[in-house]
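Shared chain: subunit A. Partners: subunit B in the first complex, subunit C in the second.
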Partner chain A sequence: MTQPPSKNPQTALPQQSLRTQSPGLRYPTNKKTIYDRNLNRTRTAELSRASFAYLFVEMISYAQRRVTGVADLEKRLNLQGYPLGLRLLDLLLTRTAPQPSTARPVRVLPLLQFITTTLWKHLFGRPADALERSAANAAEYMISDNEPLVNSYISVPREMSQLNCAAYVAGIIEGVCDGAGFATQGVSAHWANEDPAKDAPAQMWPGKTVFLIRFAPEVLEREEILAKATA
Partner chain B sequence: MVVFSLLIINKAGGLVYSREFHAGLAKLSSNDLLILAGTFHGVHAITRSLVPDAVRPVQPSTSISASTSTSGVNSTSAPAFPVRPSGLEVLESSHFRLTCFQTLTGTKFLLLTEPAQPNVDVVLKKIYELYADYVMKNPFYTVEMPIRCQKFDTGLDAFVRVRG
Partner chain C sequence: MSFYFAIIGTKDNPIFTHEFGTSKAGGDGLSRFRDDQRHLNQFIVHSSLDIVEEVQWGSGAMYLKALDRFQNNHISAFLTGANIKFILLSNPDTHAPARTTSTSSNRASTYAAYNPTSPAVEEATKNFFLEVYDAWVKTVMNPFYQLNAPVRSPVFRARVAAAAKKFL
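Let's look at the complex of A and B:
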């Protein structure tokens, strides 16, 4: 009974030393690298919500330095999220798609579905609550989240009531869209309820946030051509 | 169960938060509340120094005999964290009971309840938790300043109403 465990390390040792000698990237034998799964491999792969909250507090304080107004602050938060979106797109596509050639979404709807399900689940552990197309403008899409994780501990002071700190998440979305080749004219976060103070207890989701995505005209043009090509 | 009101005093003795949970209390002006908070802060500081010698913690000795001492209090109190007198904790009258909970950073939570109110320490712990969540994790709150956080208000109201 005791022989196999004592024998295994001896057989595994030469293999390991051989691998360290070979040049270039080293891959574990089971091909499970950091690109395939998280470093944190506990069952739910969760991070502490409190530590994120404190980090986000510092990010907002950092963005708040030398800003001129609410719009400027939201723009800075947006810029902080943008690089994260670019990187997350590549990482999540590598992890989910079987073949790299078909991995990247090339139409608008698959891209938005990728954002509301894959990206949202990776970031917040659940899909987004709704995805709608604007009735007024065909280039505008709206993703709504009833209770954004980033806003869970934040009470915005009354004099800045227009500010929504989920602008950071909007920046992540913008990064994903840009990285996938869908140029946008900006992604912004808005409160779904215009006046949060009015009949607040009656509302089921006082913190409901709508992310407004405005695609560039050339994206819609390409979408039309693609629709004709497949039809 | 009836919780009358909650006061939060910062470490300098200033009132940073007050909220009433029960209708029909005598109205106090904000100035009176500030005086009350300042007075309590002073009284609390006095009570902390009013410690009989018997209770006063012994200076931690470096000798080995301290660890083998039979007195439970002396052996368990590590030299790094000496037991300090906590000061006034409960003030009781025929109409109300005032319970004071002081955090490690010196912030004081005063809870005014009915004298027969059970489990006040549990309520205070939960309020401290709400404070840590919705006040300390709020990027727009400056430490030691008056608390104006909508989510803290709603969280407190929901908690006290569910318990009541």
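Let's look at the complex of A and C:
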């Protein structure tokens, strides 16, 4: 790089050092942009649980700073997870499918299986424990996790016993569903049992969490049409 | 051949557009759209979005092949997992100004043979889309990128141009 000698070296020097090949674009020092990184790396390189727990606690206290109640706090955690779901959808589709051009989920069940197996394995290293359809409402599906990783180091104070910090994971699920074109009326995380003394399985898994997915009516309508078309 | 490539967001908003010509058969990689055709391209691509939405739920395929044509403009489409649409308009430039009269008849005959549904063309288009998709996923993974925001990265544009040069 040759530049004409400046009359005022004090202002000219820092500019020169910032400028690279094309104006306005600054490369990292190792000259590698995000486009030079491999999408398939880090199959074994996982994040340590301690650093995740630390970060997650900070996220909760950040969200808690300006909230009015438990519902508001859960909504904030949900919103933090949502963009993550949108991103993970495409990333995991490219990673899992041998032929990426055949991988888009178009029906509800493949989408939910994608969430309970692929997404869960990516996030927590194991599949989800159960996937059920609500008997009362056809639009509702439930994914249960006996011991959510996000809750393993969180003790909820007694006065906020309704709070389930897995709302963050619910946000991720909502992001995946929304991104794939399955609009939801919200995904929420609930404790499986409010009163642990009543039920035996709840005692075995005191932290069992149910993610309730409510699909929008238009999704069910489309599902019916598709079911007829393939039958 | 001239190409017009557009990435369309979930709200039918353009995110990224790129215009280029073929690099095969001695092409120089420059598009030969007439000035009055450039805005028409946008209309053609926009009108094809309806057809993309019609076939969107028919199969789980991302590559939707050749979908639509308007006069001699052919439309191929690709859908990402998050329903971002990649649309490629290809146009054998029959009315491009011929450089010399001797080659013009020769060129017209190759354009007449252009068939967007032939396996070779489909395969090339698919490979182009997959390469762009790879770069697209990396864009989406950028934590500072928000859904449906325009992509301004010159590196991304260079990636698309490289894929175009390689396959189209």
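Basically, the second predicted complex is superposed on the first by the 177 of 231 C-alpha atoms of A that agree within 3 Å, B and C clash if a C-alpha of one lies under 4 Å from a C-alpha of the other, contacts with A are read in each partner's own complex, and residues count from 1 in each chain.
Here, contacts are C-beta pairs under 8 Å (C-beta built on N, C-alpha and C of every residue); 3 or more make two chains touch, one makes a residue touch a chain.
All of these numbers come straight from a predicted model, not from anything done at the bench.
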Touched partner set for A:70, first subunit B, second subunit C, both or neither: neither
Contacts of A:50 with subunit B and subunit C, given as first, second, both or neither: first
First (subunit B), second (subunit C), both or neither touched by A:79: neither
Partner chain in contact with A:216 - subunit B first, subunit C second, else both or neither: neither
Which superposed partner A:181 touches (first subunit B, second subunit C, both, neither): second
Subunit B versus subunit C as contact partner of A:139, first or second or both or neither: neither
First (subunit B), second (subunit C), both or neither touched by A:60: first
Of subunit A, residues touching subunit B in the complex: 50, 53-54, 56-57, 60-61, 64, 153-158, 160, 165, 196, 200
Touching residues (chain side subunit B, partner subunit A) in the complex: 133-134, 137-140, 148-152, 154
Residues on subunit A engaged by subunit C in the complex (per definition of touch): 22, 25, 33-35, 37, 39, 83, 86-87, 89-91, 93-94, 100-106, 110, 179-181, 222, 226
Parts of subunit C lying in touch with subunit A, wherever the complex brings them together: 56-63, 78-83, 126, 129-130, 133-142, 146-147, 153-156, 159
